[in-house]
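Look at the two complexes coming up: subunit A is in both, with subunit B in one and subunit C in the other.
== the complex of A and B ==
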């Protein structure tokens, strides 16, 4: 961190580096706004972050510490920084993480040694990974705090493509959709190729499923008749068998049994609409974890002159009483920085200024490191989404994402499994029943063929969707972003970012494509010195060096020598490739 | 704040860049051409062509030049150096294929290089193809090249079958893969060796020889697996035609035996007519007539000058050879090429005689779908009916059902078949004429079957919506044909195969053209009421029929022609009864 003072004037100051904040930072910076983007933490992305194994261990420790110091810390910082009337306790709220329950089971550490000998006899090929190895190879892990996937035609993918931010990251397809049914993990046939290859469906079921999937893309009179009635009822009236109903309801629409038909159909359509763009499933996952995405947007912001400071916060806001606008902020080093707009992550906002809506909702999360996949297949490098319907009445539906080492989120020989559900009780209460059923843990004994859990973590996180973004008792030019929600998509964060950007700069384009590096004019060294030092450790080739046009030379000659008959075919094949190109590395 | 070039600036820069590139390109091209003219084969020439081809891989002249240079280098360098040069060429080609994966020039060059490489690395080539096909599984250039690689490197057939499994698994709308499968299966799972039917040629003394001559049949067990696979495809997507085509191949694998199906001899006309099981050219396949042990020098003619290939051939015997009724004659016609023949005896007192294939004609028409076990066909029909219940308007399914029904019991299923044809014409109106023709063919086949059972020489198929006539070679012996009340527009040249025809009833059609009434030696009566014969010239072919006595032309446009009767009397002097 540079010791010198920051510039004292910005257009926008943004506190918090979560996804929505990072997107809006990139958007402002891209259209020429001067952006200061700070985060109290020592890492990017806040609750959206990904950690190495060791990083996660420190994070866990931090939660314990912060919860124990919560009361004192709050008072202390509040007193020291309370020279602003409108915003107080900013850092305090950052410390009061919503992680209320953090339960760590280190299964393999204590039990790994002795039984190893017995096990190695029964499965000689498999060598158990012990805790020391996890720590030693900890850098190979990228463990996300939130578990989401990118819908291939969702707003995040569209934004990545539109803004050229996609060039900063690589993506992998989710290779299969699985579901837990009658105590077994089954593959959900969702694409045409899956349906064709499925061994569990009869040919008649295949036809019925395909016909339903095709027909539900258009709205019909029949569908309208089911408005307000459960989707499940609609499905069973379509003469679809139990297994097809299960697939459609839980894995494709991903809704509950009492979701109304129109909602169920809408999410079914969204799922189907996303199929085939980048592969056989509707989802993409960023290599190195979801924490990459906010960082990519931060990078874009920095490329366009945004200034970054980690371990740096804003302690208070200076509010002009007459206009009720925030004129400036005082940062954690006591510097006054004037700004026209202030964007803040919800957790920084003091409680007395929040419009607390409903009792806060939570998401229950579990992170497992396991030794094998929940469903074996020819390829070990499968990335799977597993839907687990409520295992008993009153239990939440659980969503599980199993990542393989090729996603660069776990060490070879392991799988990283994320479980997510809406909290009913604590994360442990909500998720451990699913874990004991589907995995082999010290608590589950008859699961010889299930993957063993090497390490696991449970925690609850505030559900951002339960947080009001508007209506807080705050100056009019202060905008609040909620933290991550429990849903599978990134819609909410991207939508929030876009709507706030449009509110502030209604006439500007939201994240227009970044220019190609060769179109940027570098005049002297003025630009380099301002941004350079505070920027996060820039990865190489900031501007991206992909070239789209190759072999342009002699296009005239090409036409002359080319064969006319080929034209049509070229075009046919080109479309797909073009789309892939558009997304940079999205297609791997 | 970042400064970005304006669009005009960018355009200008791009334009300049292009200009520069073009200049370089043209200069290099000219240099190449002059070098080639001078016959220079050096590294610099390789470099220059590489530079040009990497930006435009479809420049065939340059590839030729490159090959000349490489061939020259082969003569002056040792093997290791040659290997190295060609390996460099391969990696250059890979970069060309990245620019344009469908460049004829690059793929051809790659095939050429791979074939000349002293120590080829086929595994690498195969993986290149796989990568290429994973990007575009229908790149036919790559398919071609891959076939060559597989052939050269001797990839085991089962491995290749696995390869098609993979491609079909990822996208079954890929006819290349299905087709490839159909070539692999007979090699991997040939039909069990026992002879399928006693009437066939005796099995050859040698065991099943090399692939090309081997039968295209697949053993029963594997076939059942294939039925299952392909059913998965068409139940998943019944509109995908590649799977249906493959299914047709699976079902229709019978090869019709080649033989002389009929020999007919007429004492009166002193003529022999021969029908073969498929259209042939009599001269080139060596049709040979032996009369009473003496090979005859006869001139084989097809029944109509337009037909160069025809199943029916005729020849006139020298006058007086067989005209005496008291003599008995034995004829043999040889199809030398196929080592097959047919005998026919003309007994004393008989004016004509014939000998025809005794096998039921049922078999003849089933060659569309195989002589597969009935039980299998029956269960396939059930599956298709099941699909049809779910997709009542799917044309592929309907058509397949029709074919299966025909294979199983053409007469028994006639009613259903007709109903399905009606649906087909509605749902696929663009091809309704095709369906009408197909339906006509099936109706004719059914009528032939009925005629065979009744052992008569009368063929009656009136009021069946016929749009076309076919299988006329089967009607060689027919004396009386009734095709009235159909939708025929012409009597095609093939119609002349009805060499025994005496009476033609063709009232109430839309016939405009009588070309097929060509030199029919016995034709006496032609009924063409209510057709579309419009000019006297259309009646010209009738003049070649010497015995024509009755002609009904009522209700034809031609009937209004002035002086028609006079003209007709001139044109057709033999006609006694003319109805106008």
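== the complex of A and C ==
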């Protein structure tokens, strides 16, 4: 395709297409700023990306270049424009061959970093899925680098609804919350219906749990008395018993044993507040994976005139010495592009310009492709959040998300399992003990009732919450976004985007609703539109470039969107129902 | 404005090089306009037109690239859940034809397996400037098992036909799918934006 030149003047230039950068791009473009959004990679979303199986293999190869040269006890400091160093300790294991002929010794597992491609390809295809099939069906996988969920009343869902970006994606409910306890996977009853239906709770426990869940919604004197003391202490003084205490601490509040009470209560309330908006759990997951979400915001930016260019970067900033402001950038093709503001992902900032050169914290991640669910149920198509408390003192709590094929993230007959925790050691050190306890691998071949791991990947990713975004030695109109953090929610990225938007344009609305395409009246061509067949075109277009169609329906919708209420799903226009259909249906 | 009085709702997505006339095709079909007012494309996500085919109301939701094709930066999510793709090139521009394999690779990667693809050679009003022979394009379309049509958004040649043919094909497939109930089809009412099965269940 012809290498067209970019325009040379923009209001905002944004480098990196992660979630926060994409949200802010949409926000700027939406209010009329001219946005140039580039990413040096050939794909969207950076460390937030999701890949097909084959795409992931290429990504692993890319990481391999830098990480394979690293020796024990060494650290990598990358210079700008080479890879950021946000990823390290990449290890891949393929067990498909081991599974197909189960008697094989440990020798068949590769302890290296290469998938066992050639060896497993020659395997007879019994019922088990082999490596060749994973590759062949590779495009059915959408494997996220980041594993998060969307709180149904969290800031991301609110923003998607408010801005109408939700129309670009489809969502599914997380169908159950599970926890790992005494060597078993159990379902956590969290909604009222769950509590009553639960078979693992006694009648007394049910009553206690309901009473607790109701009472903790309001702040009481008693709760205040525990301020600063561990939530665990508060819970145990409620005489709830071991079962309930475990559920409440690890699966509902999702905090550690020494989290202070006020924090524990706050997250318990947030969980309960999100329950029931769309279903029986507080969480949604986007069909095709989380990597879709940044792209959806990019589309919104483009729809409002933002210009997109992948495989393109910014090599220098031109800074006015007097004002210490960035006046222009030089792109990777040597073109000068002037801009009033420059937004950049942290990993592009050269080390010598940073306050702290390397990320201070890492997240440990594992991705498994398995052959069955960790907890069988009537439905094969469950999407589960599994909380795994520390398996021994000093170990991190692990969060696990198990996705089924109907989320369009894995091929039929498989499950995609994401494990995440704060790094203590390498991802393999942190997570493989959990994997061998809960799954069947060559190291845990006697666990015959557990799902078998067909393929797995371990890696560490820089924790965005441990990354400094301020205080760098940079011009005043350059804004830095950190990469993804290790938390479950998207709160941080959305807040970052909003705060930078407000800093730059304090008087503008952040992501106001985009007009519904059915409500737009086109002008400018009134002369030519006399033959307009559609009843909509009958209305003469006045003034501005677009207008809401008059009439009750249009007006009502706008009001509802403003409030971002759920009514929108029921009463909004046809399109809106479709957008949120997955969620809407499940709300029944 | 009642939105739900249709029997089918299909998402149609346009792709192809910049400048081949994608937006013109959509605007010609949905509004009968040519050339489209450039200003008004800002903020327009997709266009809608409801057509009637054999007594059935079919609502077509037609999505344009929002300019992201200019630097080959279309989001994958753009292809998701499209029922049909209109792959467009300009018959007066050899380069736009030569890029088709690249577009097909993207389709293969990101679009639904069952997506209906039609190849469209636009700008036949500029016959004297033609660079791509009809036969060549037809052969290419056959080899890639696509439908093929030549259009002029300017003269409105074959534009109606393009969208109506697609609608017919989509209805046929939808009916077939219902019969087959194939396991590759999405689960009814689950996370599918525009699913055949949900059209009727809308309130």
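Basically, the second predicted complex is superposed on the first by the 451 of 588 C-alpha atoms of A that agree within 3 Å, B and C clash if a C-alpha of one lies under 4 Å from a C-alpha of the other, contacts with A are read in each partner's own complex, and residues count from 1 in each chain.
Please note the rule applied: a contact is a pair of C-beta atoms (placed from the backbone, for glycine too) under 8 Å apart; a residue touches a chain by one contact, two chains touch by 3 or more.
These numbers were taken from a predicted model, which means no experiment stands behind them.
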item: Partner chain(s) touched by A:307 [first = subunit B, second = subunit C, both, neither]; value: second
item: Partner chain(s) touched by A:292 [first = subunit B, second = subunit C, both, neither]; value: second
item: Touching partner for A:412 - first (subunit B), second (subunit C), both, neither; value: second
item: Partner with the higher number of touched subunit A residues, subunit C or subunit B; value: C
item: Contacts of A:517 with subunit B and subunit C, given as first, second, both or neither; value: second
item: Partner chain(s) touched by A:172 [first = subunit B, second = subunit C, both, neither]; value: second
item: First (subunit B), second (subunit C), both or neither touched by A:204; value: first
item: Intersection of the subunit A residues that touch subunit B with those that touch subunit C; value: 303-305, 515, 520, 523, 551, 553-554, 570, 573, 577
item: Sites on subunit A touched by subunit C in the complex; value: 1-2, 4, 6, 44, 52, 139, 167-172, 287-288, 291-292, 295-296, 298-299, 302-305, 307-312, 381, 406-408, 412, 514-515, 517-518, 520, 522-525, 528-529, 531-534, 537, 545-546, 549, 551, 553-554, 570, 573-575, 577-579, 581-582, 585
item: Footprint of subunit A on subunit B - complex, ascending; value: 1-5, 10, 17-18, 21-22, 24-26, 29, 52, 54-56, 58-60, 99-102, 104, 135-136, 139, 168-172, 231-233, 235-238, 383, 386-387, 390-391
item: Subunit B-facing residues of subunit A, complex; value: 32, 192-193, 195-197, 203-204, 206-208, 210-211, 280, 303-305, 515, 519-521, 523, 527, 550-558, 561-563, 566, 569-570, 573, 576-577
item: Residue ranges of subunit C in contact with subunit A within the complex; value: 1, 3-4, 9, 17-18, 30-34, 36-37, 39-40, 42-49, 59, 61, 66-68, 70-73, 75-78, 80-81, 95, 99, 102, 108-110, 183, 186-187, 189-195, 198, 202-203
